[in-house]
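Each of the two complexes below includes chain A, the first together with chain B, the second together with chain C.
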Partner chain A sequence: METATYLASLGFKTTLIEKSGQLGGKIRNWYKLFPNFSHSIEVFNHLQRGIDLSDVVVKLNTEVVAVEKMNPGFVLQLNNSEKLNADSIVICTGYDLFDARLKEEYGYGIYDNVITSAELEKMFASDKGIITKSGQPPKKIGFVHCVGSRDEKVGNTYCSKVCCVTGVKQAIEVKEMIPGCEVFNFYMDLRMFGMHFEAMYKKAQEEHGVNFVRGRLSECAETIDGAINLKVEDTLLGRPMKLSVDMLVLMVGMVPSEGTKKIGSLLGLEFGKNGFFKSRDQHSMANISNIPGVFMAGACINPITISHVFGHAHSAALMVASYLNNLPIENRVTEVV
Partner chain B sequence: MILSGKAAIWKDYQKEIADDRYFYVRSCVRQNFFPGAETTFLRIMREELGKDVYEHPCHTTCTGIGYHSDVVPIDTMMTVVARQFALMTESGYENLVPSCITSFGIYTEVLDTWKHFPEVEEKVRNYLRKATGREFQIPKNLAHASDIIYKFRSEIAAKAKYKLVNQITGEPLKVVEHIGCHYSKMFPSKGVGGAEYPYVLVGMIEEWGGELVDYPERRHCCGFGFRQYLVQANRGYSMSCSHKKFESMEPYKPDMIITNCPGCPMFLDRWQYAIAEMEGKTYGENGMGIPVFTFEEVAGLVMGYNPWDLGLQAHQVSCEPILDKIGIPYKKEEKYNGIKGKKLGKPEMPVKLKCC
Partner chain C sequence: MKNFGFTLSKSYEINLDKADRALVEKIRLKEPTLSLCISCGTCSATCTANVHQNTNLRKAILFVNRGMNTEAYNELKNCQFCGKCQLVCPRGVNTRNLIFNLVKILEKEVNHAV
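The block that comes next holds the complex of A and B.
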């Protein structure tokens, strides 16, 4: 949305193709954002206002089903039988959430009170608030970090970047909504890389009494009353521990989206070893693909925060503008040392 | 509990199980622990299902207990396994069916090792050649005996005289399933249902009318981890494993436990006596224990076989209450008779664990 807004504002005829029935992607599903706890709808409204103010043509419920490479440009075959000529393409296919069922030992999809971080966001926004399957507010909640990230067993060795701080954010939100609730965050290590993240982590401990336990869960099991028994090693104490929680939240990571795989295959884009798109250069040409005229932005390249996505979006718009104005900036070749 | 979630996982972990012509290899210990289990398997396979099951008189231990107890080196273990394969090949069979869970794990581990390290297979072939002059083919299909009964569970249900149903209440019996650790915990894809939510025994429970009990310590070891038991100083740990499981399943009031490993029914059965003596605690109804059966014994029960032919008198926990629940007739006076009707004498009864 942001890239389209800027390109249209720069005078390029811009079409935004969205496979779902509404714009905004996953941000519409989040309640508040780290680290300032602003409502995510504010970001969406900002993006939508950009679309409204510019001349972007929006095509909802639309997918690209085939791509023909012309010289120059492309012809996109859409699922509504329409053909669209494009001089340049920007791929913004985002990410999918890791399917927590693949971590079978955590019991997602089997135990009633094992949910994902995305589902907890929906509870935050719901009138019912945070409730267990039986309709009661939980007295104890566990958060499991790095579910589907940094995990060779499921084939994802990369860090999803946002889960650590989201776990801290959600722990604080739980404490604010249910002050008496005990909260345990089980982590490998906490990567508080962004501005204000560390302060939020400190606040979670000092002001809200969130318990951070360094260790990964080995298994979960449902008790007769629907609680979840956890087996975990506290690696700071070097001891195994066992405890019961009323709700377990899995901090699911990011994986390459189905849309990324599909459009990448149609266009012949290069994928990196983690399945996201491969940039021409990770540092200096993150938005540039292996195909001239095709650019990328956001979480289709790698896991990324919303703050950084805006930078990507603006950068991609500049790259496209440069390309369409025949400025050979993207073709700068430097010697590999 | 969301059963559809489990069903989705079960669907992902199915395996190919041969249809007929099995080379059956017995367990070292099961004939002593539960003497009717293996003969019941053979009876069902041959007499009820009409299958070709062959046993070779020269078959030996797979060395699994020694291997896992660090007294048999891996090369020795693999060479012995290669010899079992040679016996199978010489007999004209391709489908290997071990009775023992540890043997199943050993065979699976050896085949996986050879798949990834062909030079190791070649080395072992040379060892076997030098020692015995034998050659062998890799089994076309490897399935545990419980996989075979799982495969034919519907056929058994169709011939069954009884169901796992309480004849008084009409309710399904509540059944705890416990797979041996070496069935799928090492190689999840080789077990029906995988490692976290194994289905091989659940399929039998469901097909024969019972209801599965899922309890928090379902995954925990029964206590027959070899070094837990074989090293005498570790036996307290062995018993604590069983104790932990019983405490965890107690609130669900299970009617019975079904197992597929040599050690699990032994320890879950016998330790109930030991726990009762030590702690004064029993887990069944009216001061009795929870009956623990092998999958063959349960299959034999639903088929209507005489409980004493199944060897149920060799169990520590009395089986009579569950036989009464299901409505299976039995003659009390024949419980301790030998095969030819000779009175073998009634064993001494425990003090705290009530027995029939």
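The block that comes next holds the complex of A and C.
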């Protein structure tokens, strides 16, 4: 949305092709954002205003089913049998959430009170608030970090970047909504990499008494009353530990989206070893693909925060403008060895 | 009964559901910065007593959070209150006041239990 807004404002004829029935992607599913607890709808509204103020043609419920390379330019065959000529393409296919059922030892989809971080966001926004399957507010909640990330067993060796911060953010939100609830965060490392993230972690400890336990949850089992028994090593003490919680939240990571795989194979884009798009250079040409005229932005390249997506989006707009105007700096694109 | 040489050993596992965590809350009220520890180990590395005999604030904080009060007390009973740990703590834990209260509160419990 942001890239289209800028390109249209710069005078390029811009069409936004959206698979679903509405713009905005996953941000519409989140309640508040780290680290400042602003409502995510504010970010969406900002994006939408950009679209409203510029001449972007928005096509909802639309997918690209085939691509013809015209050299230069592309002809996109859409699912509504329409054809679209494009001089340049920006791919913004985002990410999918890791399917927590693949970590079967955590019992997602089997135990009633094991939910994902995305489902907890919906609870935050709902009138009923945070409730277990039996309709009661939980007295104890566990958060499991790195679910589907940094895990060779499920084939995802990379860090999803946002789950640590989200785990701390959600722990604070739970304590604010249910002050008496005991909260345990089980982590391998806490990667508070961004500005104000560390302060948020300290706030979780200082103001909310969130318990941080270093150790990856090894297994869990449901009790007859719907609680979850957890087994974890307190790795800082070197002792096995067990405890029960009323609700277990799995901090699911990011995986390459179905849309990324599909459009990537249609266009012949290169994928990196983790299945996301491969940039021409990770540092200096993150938005540039292996095909001239095709650019990328956002979580189709790597797991990324919303703030950094805006940087990607603006950068992609600039890359397209430079490419279409055939600016002299276009010759700067260097071959990567 | 004939002795076959088998015995039952006590569980080594921490059971947090049954742990006595009342004392840690008492100590936390006296020194709220107890919550700020991130187990980095700077305090125990610099500790003058730890060089000679087991004195480890990092472990003591973990123990007391798990309701292992005797173990926590034993980690700190040799503290000399030199305050070096407070100088180096990156989280701003008020270590001297924490140790003072932790030892004071736990001493009663531990010695009473013996």
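The definition used in the following text is that the second predicted complex is superposed on the first by the 329 of 337 C-alpha atoms of A that agree within 3 Å, B and C clash if a C-alpha of one lies under 4 Å from a C-alpha of the other, contacts with A are read in each partner's own complex, and residues count from 1 in each chain.
The rule we apply is simple: a residue touches a chain if its C-beta (ideal position, glycine included) is under 8 Å from a C-beta of that chain, and two chains touch if they have at least 3 such contacts.
As the structure is a computational prediction, the values presented were derived from the model and not from experiment.
In the superposition on chain A, A:N80 makes contact with neither chain B nor chain C. By the touch criterion defined above, A:I110 lies against chain B but remains apart from chain C after alignment on the C-alpha atoms of chain A. Legend: residue contacts after superposition of the two complexes on their common chain; A:I224 is shown touching chain B, with no touch to chain C.
Of the two partner chains placed by the overlay, only chain C lies in contact with A:L237; chain B stays clear of it. In the superposed model, A:R101 lies in contact with chain B only, and not with chain C. Contacts of A:Q136 after superposition on the shared chain: neither chain B nor chain C is touched.
Judged by the touch definition given at the top, the superposed model places A:S265 against neither chain B nor chain C.
In the superposition on chain A, no residue of chain A contacts both chain B and chain C. The touching residues of chain A, counted against chain B in their complex, run 101, 104-105, 108-112, 219, 221-224, 229.
Within the complex formed with chain A, the residues of chain B that make contact are 1-2, 5-6, 8-9, 194-197, 214-219, 251-252.
For chain A in complex with chain C, the touching residues are 202, 205-206, 209, 211-212, 214, 234, 236-237, 239-244.
On the side of chain C, the complex with chain A involves touching residues 12-17, 28, 32-33, 35-36, 38-39, 58-59, 62-63, 65-66, 91.
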